[in-house]
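Mind having a look at this structure? Questions to follow.
Should a chain be cited, it is by its letter among A, B, C and D, assigned in written order, with residues numbered from 1 in that chain.
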Amino acid sequence: MLSDKKHEGDFVNISFNSKCEISKDTFVMMAGPCAAESRDQIMRTAESLAELGIHIFRAGCFKPRTDPYAWQGSGEEGLKWLDEVRTQYGMLIISEVSNFMNFAAVESCVDIIQIGAKALYDHSLLIGSGKSQKSVLVKRGFGATVNEYLRMVEYILANGNQNVMLCERGIRTFETSTRFTYDLCGAAVMQDITKLPLILDPSHAAGNSKFVVKLALASAAFDCDGLIIEVHCNPDEALCDKAQALTIAEYKELYKRVSEIISLNGRRIV
Amino acid sequence: MLSDKKHEGDFVNISFNSKCEISKDTFVMMAGPCAAESRDQIMRTAESLAELGIHIFRAGCFKPRTDPYAWQGSGEEGLKWLDEVRTQYGMLIISEVSNFMNFAAVESCVDIIQIGAKALYDHSLLIGSGKSQKSVLVKRGFGATVNEYLRMVEYILANGNQNVMLCERGIRTFETSTRFTYDLCGAAVMQDITKLPLILDPSHAAGNSKFVVKLALASAAFDCDGLIIEVHCNPDEALCDKAQALTIAEYKELYKRVSEIISLNGRRIV
Amino acid sequence: MLSDKKHEGDFVNISFNSKCEISKDTFVMMAGPCAAESRDQIMRTAESLAELGIHIFRAGCFKPRTDPYAWQGSGEEGLKWLDEVRTQYGMLIISEVSNFMNFAAVESCVDIIQIGAKALYDHSLLIGSGKSQKSVLVKRGFGATVNEYLRMVEYILANGNQNVMLCERGIRTFETSTRFTYDLCGAAVMQDITKLPLILDPSHAAGNSKFVVKLALASAAFDCDGLIIEVHCNPDEALCDKAQALTIAEYKELYKRVSEIISLNGRRIV
Amino acid sequence: MLSDKKHEGDFVNISFNSKCEISKDTFVMMAGPCAAESRDQIMRTAESLAELGIHIFRAGCFKPRTDPYAWQGSGEEGLKWLDEVRTQYGMLIISEVSNFMNFAAVESCVDIIQIGAKALYDHSLLIGSGKSQKSVLVKRGFGATVNEYLRMVEYILANGNQNVMLCERGIRTFETSTRFTYDLCGAAVMQDITKLPLILDPSHAAGNSKFVVKLALASAAFDCDGLIIEVHCNPDEALCDKAQALTIAEYKELYKRVSEIISLNGRRIV
């Protein structure tokens, strides 16, 4: 498929800090709201997650919304709140770049650059991330085959950055009773042919908090390397993707159950 | 979606015999080869599975092959071998009806009628199964939405048979690196809106034994009510779907791991 | 793809009677309502279409409905009305078999057996049609690849019947603003690799009469061998698929425009 | 679907220059190679197309390739060749922006900005194009629903640019015998609910020159407002998408046949 396949080889361990690393003994739980809506929402959610032992906090500041008349995210102000989360709770920050206009701002703030599903083909982000010192999580596009996805990821590797995580978050199919179709078959292929850690995102696939827990448990038993899940201090008032956000209480219960399942595989949550 | 929805209500327990029932405390492991190829193959595979404690044996005799010049199954002779499995090992038999021409033969032999994915829209089988005293497992068609699938299943219920099991086995999508796309999102919807037990089939979704184990473990943690998995005494010589069949040894290992996962949910394999 | 490919070779002309044949100089217009609802509806629609010069009348008597509580078709009584259409107007009759229970009744009545999209994998119908003296039109299943479709069609050819017409009627995709997605790319592949005439069905693809005309004109310019279109004497009162039925007046206008387009390719409507 | 729908209303005429405009009486033929490979290739192809009467020349300079080790396009040098085409042959230029890094360069050179299928969700390009004085052709993403596509297009309109053309170029489905699935059903919906001109691109849908002609003729009869087709002076040596490029001779023949079909609708090629 590619003349020079940097995505093949031995499994890549990624060490974020002394408390948190991706390896075959660990399992990363990334969590946080879809969007950084206000300083209060961010700090409240982060506090609860930090108490639970979560080390990687997620929140989007530049939202690639489908509706041009909808709220477009908190932008650079949101990034400041995320910076505060890092300082106050010692958490690592992952946040999404949606196009080149916000790349520099996000890259300089975060610990992990997230390339969103809709930006998979944006070479400016892929090459920029490839030249960055930060880790990168690249979501599979919902219209991308596994083969095509791995070729886009290869742009980052070919530009020098090996700290790359894959992320399956659902593909678009004829089935519309859920937001997307969670492709664990494709995820199995990814694990089979690449060395890169695989983080699964059941929140966007399901689009409905009712189903997120079941899919998250399935993902843990599937033996991926971590989960990224949307959690909100008050889902009913979320400005974005409210249907799929777990409450803090739901997430705590999920955390416990994931922990039990992965311990069967000799892994522990970090 | 339907004026009279018999698929809604309280979860349906199905009691097959004194050793094997579907309930919220149990988890059914159905296993066996894709096709009944020879008496020897059937008896050898069944013996190994019976030793492991499997109570429901699967094997197809009338194969709805895509290639008209390929082997079309052992037919009525195969059904005799399955009868022998029941007598000798006390196992329950599930086998596929592919069209009305083999309905009567299969229905009279088996304990569980399997309506295959390609036969989902065959009203003769749906109505025939609805009037039968036997239990029925209906696979979702690979081109059927969940909504459409449940409406076809409703034909069986409306004709009087409530002992019906749903089965997700993968849908057809743009992703072709695996045979089908295992739709756990759709499966979650099925569990949410129906009372019917859900059996998952990772074998046909993956189409590759390498991935079947991971998907089976995921399915166990997803908290479905059972698994139907293709196992062959000698996969290399299978006449049909050889790439996806597990060896007896692989299945034994899987059985143990599934057992651990479902015990976290208070369930035991029957 | 197949060891013995009877679908390859020189284009198959099919001569139905002295007035109507499929060839590279002709273009077949098949029309009629989705379902045979009443003697009056059938005779009124047939009369108008006969006046227009239509030689092949379509109407389904055994409807493979998705909803078990919906009207299931007029059955054998409907077939009698179709027989009357043939006698009174000299039209050829095409009607759908949906499963083996209605195969004999339909086969004995019609001039062209239609195997519906949902019955593509029903070997009893494929083999039965292969042994019949009647012509056969096989619709592509909405979840079937072109490759798989042609292999199912091969069952008919391998059983001895060469008077087979292909029919593209839309596939199921993530796009749900129309009922199905009309796959002219796939239709081009069919024409490229088989000898069989290709009839296009824009009615089921569009699912909306507003779009049927545009798709029908496109199909004519695409240079297929004919069209099968749903026309109803009173669409507002149709019991089945009312949204996609053309009125007689709309169909007359379409007929004229199709005639102009195909004459550019040296063809005339029969 | 949107609170303020600028894509609705009366059909938008776009006047490019005194010779070329989009209206209900005209039909625009855009043509040229996939990629600007060399000055010689560009000038030779442009010369032939200018002789034929083509007014809009296409060629990509910044190619969003899937393979990071493949040739990535001629970049700014290619844009100079396109400038030369405009000067020498008086043709209008359309060329693709693939991400924000090449937006300014392309925007300043071309007459029509093309936003490619893979860049549909790139807000930097949508907003940039919305503020530009140039016309814009936005291709539908191969994983985008019509609804989602029109919402992304709305970003351009909402930013002040009304000279926007839609373009269907195929969606990704389970059918892989062609590169993509040409969605004329979706195209019909676009025409039904928007005021924007619709240009069809059969080249990328088919991915095979054998099928491009048939699809192009179908598109003409469908009554879209123009076609964008890949033509190369020597397809066998094309560096990009060679399988789908028409030769000059094939394109001349197609031009003639399209002209005949659209004249039935009272339109003429410009």
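Keep this in mind: contacts are C-beta pairs under 8 Å (C-beta built on N, C-alpha and C of every residue); 3 or more make two chains touch, one makes a residue touch a chain.
Keep in mind that this is a model prediction, so the values were computed, not measured.
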Shared interface partners, meaning chains that touch subunit A and subunit B: C, D
Touching both subunit C and subunit D (chains): A, B
Selected interface, B-D versus B-C, where C-beta contact pairs are more numerous: B-C
Between subunit B and subunit D, centroid-to-centroid distance (C-alpha), Å: 49
Between subunit B and subunit C, centroid-to-centroid distance (C-alpha), Å: 35
Touching two or more other chains - residues of subunit C: 143, 145, 172-174, 176
Subunit A-facing residues of subunit C, complex: 172-174, 176
Subunit B partner contacts - residues on subunit C that touch it in the complex: 2-4, 64, 66-69, 98-101, 118-119, 121-125, 141-145, 148, 151-152, 154-155, 158, 172
Residues of subunit A that touch subunit B when the two form their complex: 143, 145-147, 170-171, 173-178, 180-186, 188-189, 191-192, 205-206, 210-211, 214-215, 217-223, 257, 260-261, 264
